[in-house]
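Below you'll find a set of structures to go through.
Shared between the two complexes below is subunit A, which has subunit B as its partner in the first and subunit C in the second.
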Partner chain A sequence: MSLWVDKYRPRSLDELHYHPELSSRLRSLAASGDFPHILFYGPSGAGKKTRIMCTLRELYGPGVEKLRIDQRVFVTPSNRKLDVNVVQSNYHIELTPSDVGMYDRVVIQDILKEIAQTQQVDLNAKQRFKVVIINEADALTRDAQAALRRTMEKYMNNMRLILCANSTSKIIAPIRSRCLLVRVAAPSDDEMTKVLQHVAKKERFSLPSPVTKSILSTSQGNLRKALLVFEAMKMQKPDLSGDIEVAKPDWETYCSKIADSIIQEQSAQRLLDVRGKIYELLSHCIPPTVVLKTISERIVDKVDDALKPQIVHWAAYYELRMRMGSKKIFHLEAFIAKVMTVYKQFNMIGYTEDYE
Partner chain B sequence: MTTFAPRPTGQMAVDPKHQPWVEKYRPKTIDDVSSQEHTVAVLRKALASTNLPHMLFYGPPGTGKTSTILALARQLYGPDLFRARVLELNASDERGISVVREKIKTFARETPRHVGKSSDGKTYPSPPYKLIILDEADSMTQDAQSALRRIMETYSRITRFCLVCNYVTRIIEPLASRCSKFRFRPLAQTSTQARIEMIANNEGVQAEDGVLPLILELAGGDLRKAITYLQTAQRLHGATEPPTPITALSIHEISGVVPDDLITHLLSVMGVDKDQGIDLTLGQGGFEGVRTAVKRVGREGWSAGQVLEQIHDALIPLPTIPALPKSLAAMAIAECDKGLCEGGDEELQLLECCLRIKDAMGKQ
Partner chain C sequence: MAPTSKSFSSSSSSRKSTLTSSSSRSTSSSTSKSKSASSAPTRKMSNMSSFQPTLNFKPSPSPSTSTSTSTRKDEEDRKLMPPPPPGTKPKPLVSPPKSTNGKGKSREVIVVDDDEDEDQGLGSNGLTNDKAQMWTDLYAPTTEAELAPGKARIAKVKNWLHESLFGYPFDVPPPPGNVNRDKLRKYKRILFLSGPAGVGKTTTMRLLCQSLGVEIMEWGESVEERSLGGGIDRESSISKFSSFISRHSYPSLSMSSQHTSSQSSATKPRLILLTSLPNLSHIPTREAFHSSLLTFCQTFTSLSCPMVIIHSDAGSGGRAEESWMERDRGGREGSLEVLGREVRDGPWCQEIDFLPLAPTFLNKALLRVMQIAIPKAVDRPSQATVQLIALSSNGDLRSAINSLQLVCGGRKDASKGKKRKSRGDDEEEDGPKKRGSGKGSRGGKGAKLDVSKDLRAVLDAVTRKEQSLNLFHALGKVFYNKRLDDPNMDDEDEEVLERIRKLPPEKPLPDHLQEFSRRKSLVQIESFIPTIPIDASSFALWIHQSFLNYCNEIEEVSAGLDELCSADVMRTDDDIWQSSTQAISYALHLTVRGTLMSLPSPVPRRSQKVVKPQFFESFRLERDNTSALDHVAGYITRKGVAAGNAFADGGPSDVVGVWGGTVNKRVLAGELVPMMVKIQGLSGHPLLPPSAQSLCLPPYSTFSFRSNTELTVKDEPDAEDEYEATAAGDDGLGNVASQSQEWDEDMQDKDKEEDWLMEDDIDDWD
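Presenting the complex of A and B:
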């Protein structure tokens, strides 16, 4: 038994539930025989990967679904060995170079040159080129992206690239100008409802509208999350009746508890308590950025309007520092200390100094 | 040995229909290069006297730097000698210090062979030196660049270097001072329009009125971008049955430009009217209004960098905004851009920036 997310994942472009004009464009591109490099971008859970696989199927037929997983070893110039997992079929290869951190350039150079220099041997293949899918393209280092530039033009004959990213901001301009940009927006609430009802129909039960509403409000346009939550609810209460609470993840409740305790009291002792709690979260592998964002969002909901922009400002400020520094906890702590100061100052004298 | 099929030979195997237009319409001679009159004039002199200095080409992407040097090399050496005399290295090749020491140095020290007549019957100047093109030189490491210094001088009798880069500041000073510098300006719309129209005619592109100028406007002086937009749009519209003319809407979608109504909405929650300037009554939504607008941007998948750029383009030229709010807004935009470049969280950065602009608009 597989999860609903995988079970009802559309396999071909015709089965996709939303963005019909995008599907028809992809179909005509696949049929034209002149397939460009493509950069898919959009928020997570919007259906980028699903669309990529559907397009591949349109290009090569069902053969692309026979996947195998290989472990490849690359050697850096400094003789370090890197293991990278690649998923491939006869027609395409999929990799996540950002797994190897700063050595991603080596992986890109090696694998692309290898693919680019081998010609398609399968005579029955529909296309002469192979497709290379690069996941998390926005996490590639600048070096790796620079290495892609010329390769993309030079080996256009044997290879096409499909890049998958959350945003184009971190993709360097030369790559953007060489790709067809395809934006996959998150589905609207109506579209999500349609998908949920489709799944419910296939599973043979009816979907009461309050349940839909609560799923939509928690998932915020993330269809994957919506389906997972949906399945969990169904497991919990098979008849879906009454008012079911959407089970929030533990860490989220924990974060809001932290936010509450910051607002309750601002003291050195409290900072120490909070620090312990944050350590707890980090040791359970919750990404520090997510922790910071959740806490700040919760605090913003609770404080006076005049103070909100300040909280957001410091959240953005310390989030950035966290990315650039190496020890995350310092910056999380600094953020909390700053918020406490700002909050206390505001309560005592009624206003705060400007951002500096 | 008849069982072996003849091997397809390099370039010939490319189906010209599927070739990127950017490659297909690369200028063949330096006279074809669009709108870099000054540079071309200097190079033409150099070509006539067959004496070339070391060169450093710099300028924004898509202004014809690589095209110019390739065309120049082709005119100097002709097709036969091109392979033997020109070494082209770019960022996709390994270019650490070891490559500079081995590959470049070996190539640089070889004495060029004497040449007979060219196979296509034309005569080429074929000067007695080789050419090394280092494309995307700004992504070379400092060490690799310093290793080049002495090589450039020692072999200057038989080898010329041409460095091509976007940012001249990333080339170390000793290297830059050894080269004569050529700056490539962003292309003017008038001169690129002719080129784009020529390509559109050659390829039989049908476009609605005003689409070609729109492409040029969105490309912002980057000819490669403009040609790519044109080709992608043609792919989309040519693949349907029957082929439809290219519309302005699909050009907008291809270029990833955020639609105007979204930007107008963002500006209005910040208390700015797109035409009238500051109108604080629009910003009544307060903090929540801004937050919802920013969330919408994220949910629809627009990139924060692009949104920021367009906010800037819409806000800063407005004449009715007084100097103080405008400067504060410009500062907020600049800092947000820096944050995004350094990898900050998109939603947080954009939200912070919008809040600061909103705040600035209230200060008069």
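Presenting the complex of A and C:
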């Protein structure tokens, strides 16, 4: 059994449900024989990787789907061994160099050089070049990006890069200018509905519109999440009728409960309870920035309009400090304590002082 | 037998001490100050990593040949050595046994760490006596009863030795037959003794070996080979080590035992003793070391001998402002780093941890040494002096004895003139003499001793150690936030109060800053900060964990947390490129001062407890879960790739997920795994590997997260936790190794269960 997300993932550009102009542009690029380096960017769950794989299939045919996993060992100048897992076919290779943290430059240099210096072996291959997919390109260090920039020019003959990122803001300008930027926007509600209905049709049931609505409101333009939630809901209640609880990830429920308890009571003891929960979230690998964001969103939903800007202000303030500091818990807790203080004072005197 | 084997290790170390004595003399005036127990291991490690001396272990040949070989070898060495600095006599190679007692132990101190070299140099500069012998060497314990560590610990070590050598516990009559003996011996392969320097690990070991009649095979290191340049054997230290182990795990061949004329050395049990370890911060060396230990454990025959590893870890005293980076370099290894995971968690290994000695134990040992060393009771320093030395040595017996020797030596020199008088002072000048320095009025028991000011000054100069408060007291000082004119000030130290009262009054703050006005704090920051027993960031964690309980209002909590945040942001030492010790010290000040500022005054007393930070536990869990997540990522990718391939091969298209490729970790943790757990639970179809179990959040409850261990006065901060804190500040690279391990497992599993991945598939990219 596989998830609907995987099962109904489009495999060619024709099957894609939305952004038709983008699909046709990609198709003509693949046909032109003058394929550029491409930087795909857009929010999570918008379909970047799906489009990348479809493009590859357009370029090379179904052979590109014959994959294998390979483990490469790289040695840093300080003699540290790095293991990087790559997924590759005969025509492309996919890697996530940011996995190795600050040593990503070594990985980038080594692997690109290796690929760039070997010619395409398969004589029947449609293209003379191979494709390197670099995931999480916005998480690459500056060094790695600089290394990338050099190789991009040098090895244009044998290799094309496809970068995948959430935003272009962390990618250095030289790379941005050497790539064709392709923005994959999050699907609109209509487009999401279309996809959900397509899946429902394939699974042979009908999708009631209240369910669609609740799925859309939780998933906020993230199609992957929408499909996961959809599948879980279908499992919960196969006829999808009446009131169904939206199947959210547990940590989201956690965060909103934390937000509730912050609003309920503002005391040191309550903060201690909340601390336990935050530790629980952090120890389950939920990124602290996501925790902070989710909690503050929930709180903003629930407080008086006069307080909203303050909450957002402090969320931003502590998120910045969290990025600079090293002990995330301090900053998360300081944020919560600050929110409690602000909320308490607001309730006591009915208004709030101007912040900062 | 045992003494001869030691002579080899000493030949290298005595050379070492000859070398260092020249440098130590030039600095001899400052030696006494710089001698702190905690700095010694750090220095040692940095030495090792900077030039990484070639390790050299001397095989111990059979006794009859040993003397000649050793002399010859040493002759050679001496030719290669630079001439000794004038004034220092080269030490005799095998010191003539002065007494049967002394000879067995005379060298142990030298081998253990570099700390002694300085002392040795100091001694040979004629500060004390003609023999230039340290009391630690001369008057080492000779019977088990005289050993300083606790009885239970010694018995444990003894039992282990006995079991590993003879196959049955010490106090049990030998079982009949040989078969079941090996059964027990097989799992008693490595004993790992750890503990701070100078608590008697090595001494205990050697004494017990002597009493059990065990021959010790020791591996030591030599410094010179490297600096002498080419022509010298270039075998890498670690390969030497593994050959050393393989050579010595078995009794000598009959060939060599022919030479041992009368003695039946073949029947004498042997034991491998490791006191100096290879440079474990070098990763290949560490890996090789671990693997040779593992081989050692796994290859057992009834003839092979056990191994004892003695590792002195750094104490926790006086390290408040040390940065994490320094500690990385400074030999922060726990048993895991030294032994490797397989060995440590395997059945072969036992760890016995020695604790710092309690002052009473130290006192006893010091008195014993003094009684032997100074026959006349009149010449001995007063009881109080000994007690003070014992208290100020932070549980390090060796340094306590060294201090004692220095004090007594000084006394002898001065004895011509004013010894009488000063001794008179000791007894007469009574009354509470408090030290002006940062000793805690509550925590440091030293404050209560009746010792004259003069003597204290002498002792300060001689035995100056960084006094550190117990963690509990250090935290208490912050949390109770005592200020001048608090209610219930009766039990306060009048002298301190007086001094604080005398401070000039502060100018009153303007109206708009009134919220910041406080009464004078009783915590004297300048003297308090250096006495914090743990590093700045761990201290912040402890503060963070408990200070909420001492607040009344959320506003105070918020203000305090803000200060902790600022300190955390400032403390950039986890950033490799911007490491700055200054920032750490600022951060510590900010932590302490900020907390004091934001706590209410007086602090409410409702029997709050100081608990261990949850951070450590949470961090450990997070690390475990990260590796579980990596495992899941590998699993999903593998499944996706397999499905994709099956599809490409023309498999049924409607059931497979056609996704190959890696998954973003954030997406995995935040979206995929939680939802897959849900769907899996509802459908009953397994989607995730069992290792994902730990990634599920427990149900939300109003109860607290985990029960916390309370900190009491006696607790010492956990060294391992500090290590965790170090790793937490890392950029996550600490996980790289474990991650790849997970993947390795995957690859193996995959080979087993799915045959589509062929060996030759891997390389056909090019």
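In this text, the second predicted complex is superposed on the first by the 348 of 356 C-alpha atoms of A that agree within 3 Å, B and C clash if a C-alpha of one lies under 4 Å from a C-alpha of the other, contacts with A are read in each partner's own complex, and residues count from 1 in each chain.
Here is the rule we use: a residue touches a chain if its C-beta (ideal position, glycine included) is under 8 Å from a C-beta of that chain, and two chains touch if they have at least 3 such contacts.
What you see is a predicted model, and the numbers here were worked out from it, not measured in a lab.
The superposed arrangement places subunit B and subunit C next to each other on subunit A without a clash. Contacts of A:Arg149 after superposition on the shared chain: subunit B is touched, whereas subunit C is not. The larger set of touched subunit A residues comes from C, when the choice is between subunit B and subunit C. Vertex at the C-alpha centre of subunit A, arms toward the centres of subunit B and subunit C: the angle is 90 degrees, rounded to a multiple of 10.
In the superposition on chain A, no contact is made by A:Lys201 with either subunit B or subunit C. When the two structures are aligned on the shared chain, A:Tyr279 is found in touch with subunit C, with no touch to subunit B. Within the superposed three-chain model, A:Glu94 lies in touch with subunit C and out of touch with subunit B [touch as defined at top]. Once the two complexes are overlaid on the shared chain, A:Asp83 sits against subunit C while remaining clear of subunit B.
In the superposition on chain A, A:Pro309 makes contact with subunit B only, while subunit C stays out of contact range.
In the superposition on chain A, contact of A:Pro249 is made with subunit C only, not with subunit B. By the document's definition of touching, neither partner reaches A:Lys213: not subunit B, not subunit C.
With chain A fitted onto itself, subunit B and subunit C come no nearer than 11 Å, counting C-alpha atoms only. For the contact definition in use here, the residues of subunit A common to its subunit B contact set and its subunit C contact set are 324.
For subunit C in complex with subunit A, the residues that touch the partner chain are 283-284, 537, 540-541, 544, 548-549, 551-558, 561-562, 564-566, 568-569, 571, 574, 576, 614-615, 617-619, 621-622, 625-626, 629, 634, 637-638, 640-641, 643-645, 647-649, 654-662, 664-667, 669-672, 674-679, 682-683, 685, 687, 695-698, 700, 702-706, 728-729, 731-733, 736, 739-740, 743-744, 747, 750, 757, 761-762, 764-766. Against subunit C, in their complex, subunit A makes its touches with residues 1-3, 5-7, 9, 11, 44-45, 49, 53, 62-63, 65-71, 79-83, 85, 87-88, 90, 93-96, 99-103, 114-115, 118, 121, 133, 135-136, 222, 224-225, 228-229, 231-232, 235-236, 247, 249-251, 253-254, 257, 266-268, 271-273, 275-277, 279-287, 290, 318, 321, 324-327, 329-331, 333-334, 337-338, 340-341, 344. Taken together, the subunit B residues at the contact with subunit A in this complex read 13-14, 17-20, 22-23, 61-62, 90-92, 94, 96, 98, 135-136, 139, 222, 224-225, 228, 231-232, 235-236, 238-240, 253-256, 286-287, 298-306, 339-340, 342-349, 351-352, 355-356, 358-359.
Subunit A contributes residues 25, 28-29, 31-34, 36, 41-43, 46, 77, 109, 142-143, 146-151, 153-154, 156-157, 167-170, 173-174, 176-178, 180-181, 183-186, 220-221, 289, 293, 296, 300, 305, 308-309, 312-313, 315-317, 319-320, 323-324, 355 to its touches with subunit B in the complex.
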